[in-house]
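Every chain is named by a letter (A, B, C and D) in the order it is written, and numbering of its residues begins at 1.
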Amino acid sequence: MRAGIVGFRGYSGAELVHILDRHPLMEPVLLEHRHDSGGRPAARGAKRPPSAPSTSASVRSEALDVVFLATPPEVSMELAPQMLDAGAKVIDLSGAFRLRTPALYQRWYKESHTQPALLAEAVYGLPEFCRDAVRAARLISNPGCYPTAANLAIRPLVEKGAIDLAAGIVCDAKSGVSGAGRKASLKTSFCEVTENFSAYSVLDHRHVPEVLLTSGLEEAQLSFTAQLLPLDRGILETIYFRAPGISSAGELVSIYEARYADEPFVRLYDPGHMPDLRSVQRTNFCDIGVHFDPATGRAVVVAAIDNLVKGAAGQAVQNMNLVLGFKETEGLL
Amino acid sequence: MRAGIVGFRGYSGAELVHILDRHPLMEPVLLEHRHDSGGRPAARGAKRPPSAPSTSASVRSEALDVVFLATPPEVSMELAPQMLDAGAKVIDLSGAFRLRTPALYQRWYKESHTQPALLAEAVYGLPEFCRDAVRAARLISNPGCYPTAANLAIRPLVEKGAIDLAAGIVCDAKSGVSGAGRKASLKTSFCEVTENFSAYSVLDHRHVPEVLLTSGLEEAQLSFTAQLLPLDRGILETIYFRAPGISSAGELVSIYEARYADEPFVRLYDPGHMPDLRSVQRTNFCDIGVHFDPATGRAVVVAAIDNLVKGAAGQAVQNMNLVLGFKETEGLL
Amino acid sequence: MRAGIVGFRGYSGAELVHILDRHPLMEPVLLEHRHDSGGRPAARGAKRPPSAPSTSASVRSEALDVVFLATPPEVSMELAPQMLDAGAKVIDLSGAFRLRTPALYQRWYKESHTQPALLAEAVYGLPEFCRDAVRAARLISNPGCYPTAANLAIRPLVEKGAIDLAAGIVCDAKSGVSGAGRKASLKTSFCEVTENFSAYSVLDHRHVPEVLLTSGLEEAQLSFTAQLLPLDRGILETIYFRAPGISSAGELVSIYEARYADEPFVRLYDPGHMPDLRSVQRTNFCDIGVHFDPATGRAVVVAAIDNLVKGAAGQAVQNMNLVLGFKETEGLL
Amino acid sequence: MRAGIVGFRGYSGAELVHILDRHPLMEPVLLEHRHDSGGRPAARGAKRPPSAPSTSASVRSEALDVVFLATPPEVSMELAPQMLDAGAKVIDLSGAFRLRTPALYQRWYKESHTQPALLAEAVYGLPEFCRDAVRAARLISNPGCYPTAANLAIRPLVEKGAIDLAAGIVCDAKSGVSGAGRKASLKTSFCEVTENFSAYSVLDHRHVPEVLLTSGLEEAQLSFTAQLLPLDRGILETIYFRAPGISSAGELVSIYEARYADEPFVRLYDPGHMPDLRSVQRTNFCDIGVHFDPATGRAVVVAAIDNLVKGAAGQAVQNMNLVLGFKETEGLL
């Protein structure tokens, strides 16, 4: 089968091409868009997937079964209906279809939503929590990078009532620079970032409403701060809460273990060990480690993903595998 | 006057030499110790302070008024009494004299304290909170890097009762690699650290009891995790708490402002702005920014220092200025 | 078939495990050695190849067809004969068998060669220049990282007589830190390397005699300096020479093109474009770009490889594919 | 006295402010220009020099003795005559006044020179070679970063006839990213630069004609390639040549030593030692190390500077000290 990729010169888009090039059942097609940033020099005659314009006509002429939109939200809102009408499944990596209502979208993305019907139809593609809906979807909204790690780390414990929600959850999140996308910007220029570290969007990141919607938490229960690490790729979230009914770290690990027993992309660590970014870079895994202090009931959970893989392109291919009826791990291990 | 520096080839020790070289009232003397790591190549005839053995005889022959110990705790316990007996003031940058009782030291540093009398005598050198005691001290215990930022950010609010201590404080701390000292170690080797990020000593760092002792907080009230940033120098702590009686970020800033009105090395940011590491690197400042959500009473404070300056050598010189009767900012602005 | 890997916790060894794990025709076996550095924490139940001691008995009990030695030279000299006697092909990634004579080895590696017969027997495994010998070998000496790039860039031009050898060749080489191996060392610790750059082994690197032996150049004809880049992986060599009979950059590219027409792992750039490290990281390619100034006859060639792949583990697997009769690119594209 | 700084938010301009803030005889004034990039958040009430518009009126109203132009060449050509007419000395850090003739400027900077009279008048400000002319100048053209290191390393040997110029000199130059200036650009964005290394302007950098003009070398005699290091600040040039009449590294060092005996900002290394970037970062020094192979007459010289200090702001202040009649090292040691 064949997959079109719009935004293939961006970091998430390039990662999609990299994964699909190695996927045994798919052939990637590059869909050129006027919005694309500049390319990189390439070797003579370097193997390169075929390309076509990012139009609905290309869906038919290139016989595309699925189209990935690794584009800004406004481009996704423009292209998604065209690609769907031409008969392709669409997997959108932007925030365009994550927030359920036009009002919420307006509040957090500071522009009107132009496709409210598609917003209502879109399925949130976090396979560990909505696998069946993904399989049946036409339009899949690929989760944000921060919410992917946060949901995977927090929801099993919330479901089991292990967390004292009145005391609240702190999610201190750190991301590599590729999360900001491939573009010219003073804030992400090398000399501003190297040897530096800073917080941004304190308690006010647009990924917060996404986490709240999907996890069922209320705003007062989750304190989330995003921070910029001087490195290319990876997200690590350090999550603090109180677990009054828990007696050991092992008990928390067991809750995850029961919930994720059949999940191919969630890995747990023994108490006393924590994942780092190196554990997950260039993989589709979400790694989770746990620390617990029985004397005071305080817990710390560390969750790590690669923001471009499980936080973007890898999870998008995981969703593609589901929607096309492939084995969920195909091309991802 | 003249200051001896033991451990001048380490990162804190080299920073001491750098500062004292420019200090208008001091002359540094390098005190060689068998424990020293290897030096760096230097230009022909590069200006280098005089050197002498790290013995009490050198205190007398070199007429040293003060000796800085930028050494491991066991070396500090060995040298501090010798240097004091020879008549020098001693400023110790290790953890040897920070934890008040031999039992606490034994628990966190995993070895017996060999100088209990000096441990009882030592003055904790955080000038913003114990300036007068420092002026009168013989032996000053220079604070740890993490506790310096944590105390400066937390204590004014605790003193004013602004924090809901029952709900607890989360201090998510990140440090550059120089905090681990200058030594051969696989964990701090370049390829293990670059493009990586990891948590260590989760809820269990030896700087926690130091913060508790100095701030008056109880263990259950402070959740502290240390994390390793892929950069050379700087500490940034992201601190979360609830402030039920506070109505705005400006109110929190005002508490700091009142407390630090006359402090030359604490700087505040207007609400909406946060310090980054670049703001403080190679300075003796502690920069503090505040975010507050009036709807839910949740607050986030970001505090940043250079771990080698305000977190080590700079603060040590600040203490030296106090103990020698100089202007507190001499050589530090 | 099955391949044993000694030194699997080092950077080259870990890269071998990574490649062989994905190789469709091979199963890796980890051979534990007392010399190994410490491991990294791993997720619960993470898939891990089987392991065995690094002994000749393991070759038989594990039915190993080939053993990779990603070890220091002295360990390779100890293990190579044992593994060969037990019936395995041996591919050695150290410098133990690269320099042809015990005298040369003694001069550059500062110790006696304990296996002169094997030294005489070993085949230098640079497939682009000695493919047939590799196919027939028992013991393959995998080339050094710097010599791999240097030979691929220089030899086609020397063979064609394009370079003015009397004027000499300058090879200014830069390598990432992983080239120094995985070990505790002050020189490769993060704070010494980050934001730094330095030359080492100026005109005096042990890879120089290896290049001279394989390229046929004389010492006076090649000025080689190695330099340490503040990054993890990759080698880039900037090569300067005079090409009096050449009239354009395209003519130089044509020489490479003719020589490497059937080579799957050498890629050329159009004049005006140069490879960077990003072009080759995590691939087995050697990328080559050319600049030429017709007015003065001066040429600059830039060659880039990943020191852990084409410069070590990838080339070792390329050699394994040859010696086991597989397709040369198996598992490497 | 008072110095105006145009372009104070750029990297060179900010370094000027940093140096002049500490200069005992000068007071800096920030001259706002429409071309300025965005500022950084600052602490409440942070000490900040006074500011004024970048106009000739400000020269008079602020009583400026000297104006630094840390601006693009076209802005320097616009402002230099205005500031000179208002009575200030002008030190220009751009390339506007370095290339002597409008034709050369047109060729390398791809635009017409609008101030040919000033171009003819401007004095090239490399104090080690044109100290007296600087003292008497009205308009000083501050040297480029690469030419500063290249001239200091090459010219003493050329003057003494130590280099075989027919065989040519190779200058393989590497620079940190701050050399590209503070601006939004995809090429210098963090994710494109980190863990990467690349050559640019091979044999074709606009700093080459500057070196040729000042050193007296011909184009065929100097092969220069610029390369981008993944770090903030520093230039290291590795220079290769043949020295047929030289018998030892010490002899080369002696030539430098004789030439630079009274130079406060050039430092030499003993044979066997080479400077790295750490040796010179945040200093106004140029450090030079030498390697020589007596058997073949090949020499390698390594020269290192901080591109923002000796390569820009520091050298500009050195020139200011000369032109204002101060001690040359004032504020720079």
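Definition applied: a contact is a pair of C-beta atoms (placed from the backbone, for glycine too) under 8 Å apart; a residue touches a chain by one contact, two chains touch by 3 or more.
Bear in mind the structure is a predicted one, so any value in this text is a computation, not a measurement.
Novice: Going by the contact rule set out at the top, which chains touch both subunit B and subunit D?
Specialist: A, C
Novice: Select, from B-C and C-D, the pair of chains that is joined by more C-beta pairs in contact.
Specialist: Of B-C and C-D, it is C-D that has more C-beta pairs in contact.
Novice: For subunit C and subunit D, let me know how many angstrom lie between their CA-based centres, rounded off.
Specialist: 39
Novice: Cα centroid separation between subunit B and subunit C, in whole Å?
Specialist: Centres of subunit B and subunit C (C-alpha means) sit 45 Å apart.
Novice: Which residue numbers or ranges of subunit A touch two or more of the other chains?
Specialist: 192, 194-195, 230-232, 274-276, 278, in rising order.
Novice: Is the chain-to-chain touch network here best called a line, a ring, a star, complete, or other?
Specialist: Per interface graph, the chains form a complete graph.
Novice: If we count contacts the way the header does, which residues on subunit D are in touch with subunit A in the complex?
Specialist: 11, 37-38, 177-178, 182-186, 188-195, 230-232
Novice: Which stretch or stretches of subunit B touch subunit A in the complex?
Specialist: 167-168, 170, 172, 174, 176, 192, 194-200, 202-204, 219-220, 223, 225, 227, 229-234, 236, 238, 240, 242, 274-278, 281, 291, 293, 295-296, 298, 300, 302
Novice: Which residues of subunit D touch subunit B once you look at their complex with the stated criterion?
Specialist: 40-44, 46, 194-195, 257, 267-270, 273-275, 278-279, 282, 285, 287
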